[in-house]
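This report refers to the structure that appears directly beneath it.
The letters A, B, C and D name the chains in turn, as written, and every chain counts its residues from 1.
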Amino acid sequence: MSGLDQLYQQLILDHAKRRTGNMPLLGAAEPPVGASHQINPTCGDEITVEARRDPATGRLLVRWDGEGCSISMASASAMTELAEECDPEGFNALEARFHELMHSRGQAQPDEEALGDAAAFAGVSKFPARVKCALLAWMALKDAVYQIEGADRA
Amino acid sequence: MSGLDQLYQQLILDHAKRRTGNMPLLGAAEPPVGASHQINPTCGDEITVEARRDPATGRLLVRWDGEGCSISMASASAMTELAEECDPEGFNALEARFHELMHSRGQAQPDEEALGDAAAFAGVSKFPARVKCALLAWMALKDAVYQIEGADRA
Amino acid sequence: MLSAAQVARIRNDFPVFDREVAGTPLAYLDSGATAQKPATVIDAEQDFYAQRNAAVHRGAHTLAVEATEAFEGARAAVAAFVGADPDELCWTKNATEALNVVAYGLANASAGLGGAEAARFALGPGDTIVVTEMEHHANLVPWQQLAARTGAGLRWIPLGEDGRLDLTDLDDIVDEHAKVLAFSHVSNVLGTINPVGALVERARRVGALTVLDACQSAPHLPLDLHGLGVDFAAFSGHKMLAPTGIGALYGRAELLAALPPVLTGGSMITTVTMEGAQFMAPPQRFEAGTQPVAQAVGFGAAVDYLRHIGMAAIADREEALAQRLVEGVARIPGVRLLGPADAADRIASVAVDVQGVHAHDVGQYLDAQGVAVRVGHHCAQPLHRRYGVTASTRASAYLYTTDEECERFLAALAEVRGFFGADS
Amino acid sequence: MLSAAQVARIRNDFPVFDREVAGTPLAYLDSGATAQKPATVIDAEQDFYAQRNAAVHRGAHTLAVEATEAFEGARAAVAAFVGADPDELCWTKNATEALNVVAYGLANASAGLGGAEAARFALGPGDTIVVTEMEHHANLVPWQQLAARTGAGLRWIPLGEDGRLDLTDLDDIVDEHAKVLAFSHVSNVLGTINPVGALVERARRVGALTVLDACQSAPHLPLDLHGLGVDFAAFSGHKMLAPTGIGALYGRAELLAALPPVLTGGSMITTVTMEGAQFMAPPQRFEAGTQPVAQAVGFGAAVDYLRHIGMAAIADREEALAQRLVEGVARIPGVRLLGPADAADRIASVAVDVQGVHAHDVGQYLDAQGVAVRVGHHCAQPLHRRYGVTASTRASAYLYTTDEECERFLAALAEVRGFFGADS
């Protein structure tokens, strides 16, 4: 597989089109909503991610709106699918794994079971200039989840 | 003759000790006194030169006070001896010659008749970093003479 | 104009073109960001370090004297290259610093520093600073900051649909309140060459200072700052074959002599006491601390190289490249050109928006073919917003660019939408 | 400590030592002004231009990615070398710029820029800025300007007869009005190493920011900025084997994060509209425009070289050189040492006043023997005034200096007064 094909796996191109979670934002609501806006200053790409915890299941509900390259859009989509299976703690653990994978410079083997579709981004870690793209949505959701947890603690 | 001996000819070392013109300054007086203070920022050397024109002879009277290397002190001394033989116009002509000599990078043959002891500074022109030293007093006197001429015109 | 054989010979002077990327020879179409370096420039820096490295203007020993001569010789060469006198050219680290020095010099004058002579530079509420909508952030943000600091207003000349400045309301925008008119000679995104004459004339009429961002003209066009009549100008060495770490500020002698210093420290003072300091005349007044000496020497070698090839020949050659690129882009479906659609009054810097594919993805696809272009907002966010995009893909050529490299770019660009499924 | 054989091997790494001056091998004793460069540093810059020259942090193409990695790798190397985190280290063109960035950052905060977080940096009438009487103009004039701009007062710690700071009145000078204490780690004239611990402790007690001029310590001593606990620090690459055109500003992470930017433009913003701009986090916030990229890479190579030799070994060796020079000078009649008379707490930078002979003449005489020293006020006029002279002659050594070079200097120095007839 050429470098380009490793980067742009079909799964990624599909997610870039599907854009799971790219729906109207939640807006202020109870239970508390966490919201975060992140920018990639190199290219001006941006994303706003909102999340809340379903009081019944404890799981996250995620919505996002953004503009960016196929890697950043696909990453937001794959992340949303994964995060909605998780409670905040579970997401934080996932995020740590994904973050580590992205900084592995192509060395790490992704844990496909845990990371699901996000494992397809392993190839991105060979392209240092694109790592930021893959992480943009994750940074935003991490920040949003942190706010939810803070509201819980308060 | 080595470079050093060309630079520090005996005549120059003698002038550096003799310091013709290094006497109490003239102070404000009639006929008009021109005065100029010049600094060499590289080394902090400075000189104040004052001049007035003798109404009887038309010749310049020159006094200076300063602190600096042997080249700058010797140059002030040799200049004073020459300038006191001149009227303002004559000095300006001399100054132009000396200036040209100093920027000749060791190429020009000094006109010993016109320049007198100042011809001994020809060797300085091979040392770009010292040209400023040799010119410091001349710059100051040129400025002072310009003031005298201005006062005359007014 | 340079022949294909000449371009081939020029390329031989640039060591980097031996490099392969993605298994093919590198097609470097990112000269608008930074130019590649000929061996003569690399050698000039190396030779300086190996032969005459020393502090300049400070030492009396042999190396220091030789270093000073090399440094000042470079200043004279660069000044002559842009049509300025040596004392009108101050070294800076880059063009950004040069533009900031003007803005901070005005800020300092506005704060009362610099004495009576500097009063002419003072700005305050009611005054305006005028820029254009196409400016690089380097010629926009410093003016925003100056406005914030002084209470002056900021206005701008808008961009038209055609990628040129819309001068319809020039007289209204640059009115008698205008104190500064800062504009780029050539847009780093659109490639547009601006009508300097008309802008300078208007500024003069209302007594505004003109500040020219010459970053994209100095490398590509014959430049005569005295002839253009601007008050200040800024450009960077690294975009014109010189080393990184060196740029220049030009100021008309009379203005530089009155402008307060910005960075202060060693080598720019005459007398310092614990209580205060007196400053040297320009250019030293604006060169605090140890300068990028080896880089200045390299800059001198770069302009010698460019002069040897000939700026008129380079400009002609680049016009042909611009035409090739503009026409090629026009033939690719779903690709929109940003900037003038003809090769007249533009340089060979060509930015495009690929429908349905983000610029980052375009750039990545091209890189995989060994074609290096720049993607993003190119430090011109307002310009991109004006054309409804956040980012674009820019191919920018220089004297060493071949026709074949342009064709490789165009061929790869034509494939992009297919690869990302945007043509379906 | 380095053996004579090690010094000889080190010298082989420096191309310039092949040079002759005045028919004899060059004895370069002007490293305090600027250091010579080993081949590894020269090659690092050259290799960068020939292999991976491209704009950093902006491009996605292969060269740009490689350039960015080299650039950031150098940052990590230099930061580690001085005991800082990479994000605490901002590139500047020289130490002078770094010190100005702190002073202008405070000025901007005082003018209300930078929002609420920057308010902690605001100065005004009633506040004081404290420096010392030994400062290089680079760590004096910017503070004078800041005082003039904000209405704050300027005070200073005086020098004692012994060439050390006189701390008798420290508590009075650095009182509760003090907002900044800016001082050099090591004097570039006297060679004195200052008691950083005592100064930082006093500044902390009264809540003053500490700004360390590390220009003469970073090259010569093991340096641990975190350990010293200073708030800001500045140093220049060219004095520590690196290329010209590169320096660094260190700031404690928390402080840099709150300090407003100074130079503005590209690559330091997140969002720009025509009306205003938002800025990136440090270190980028302080790195506007195209950086001295090749020079940063060279700086990385320089600290790698120094680390390989070992800073402790270098410091030990230089202490021995200092002792040789100080003792040698003491033996020459009519020559007065400026600075501490023992080798403890000083570096091998030795300034002297030759009775009856001006420093320029001393330097010229030495140069004719192939010995390169610096003469003048060394950008420290107040210090010279304190010791009743306008200029001095300084010999400054480095890791490549041999005992024999020191002896050549001492022998020539002993002849100077005779040559100029000052001993009669």
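By definition in this document, contacts are C-beta pairs under 8 Å (C-beta built on N, C-alpha and C of every residue); 3 or more make two chains touch, one makes a residue touch a chain.
Just so we're clear, the structure is a prediction, and the values are computed from it rather than from any experiment.
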### Query
Which one of the chains is farthest from subunit D, going by Cα centres?
A
#### Entry: Between A-D and B-D, the pair joined by more C-beta contacts
B-D
### Message
Averaging over Cα atoms per chain, report the distance between subunit B and subunit D in Å.
### Response
38
### Query
Where the CA atoms of subunit C average out and where those of subunit D average out, how many Å apart are those spots?
30
### Message
Quick check: how many Å separate the C-alpha centres of subunit A and subunit D?
### Response
45
### Message
For subunit A versus subunit B, what separation do you get between their C-alpha means, in angstrom?
### Response
78
### Where subunit B touches two or more other chains at once, by residue number
42, 44, 127, 130
## Note on the structure
Multi-chain touching residues of subunit D, meaning two or more other chains, are 22, 58-60, 64, 269, 271, 360, 364, 375-376, 381
### Message
For this structure, enumerate the chain pairs that meet the touch criterion.
### Response
A-C, A-D, B-C, B-D, C-D
### Task
Could you please specify the touching residues of subunit D with respect to subunit C in the complex?
15-16, 19, 21-22, 26, 28, 30, 33-34, 36-37, 41-42, 45-46, 49-51, 53-55, 58-64, 93-97, 99-100, 104, 108, 111, 113, 133, 136-142, 144-145, 148-149, 154, 156, 236, 238, 243-246, 262-267, 269, 271-277, 288-295, 360, 363-364, 366-367, 371-376, 379, 381-382, 385
### Query
Which residues of subunit D touch subunit A in the complex?
57-60, 64-65, 68-69, 269-271, 280, 284
### Query
Where on subunit D does subunit B make contact in their complex?
22, 357-361, 364-365, 368, 375-377, 381, 384, 390-391, 419-421
### Touching residues (chain side subunit B, partner subunit C) in the complex
39, 41-42, 44, 127-130
### Query
What does subunit A use to touch subunit C in their complex?
2-4, 7-8, 13, 17, 42-46, 67-71, 127, 130, 133
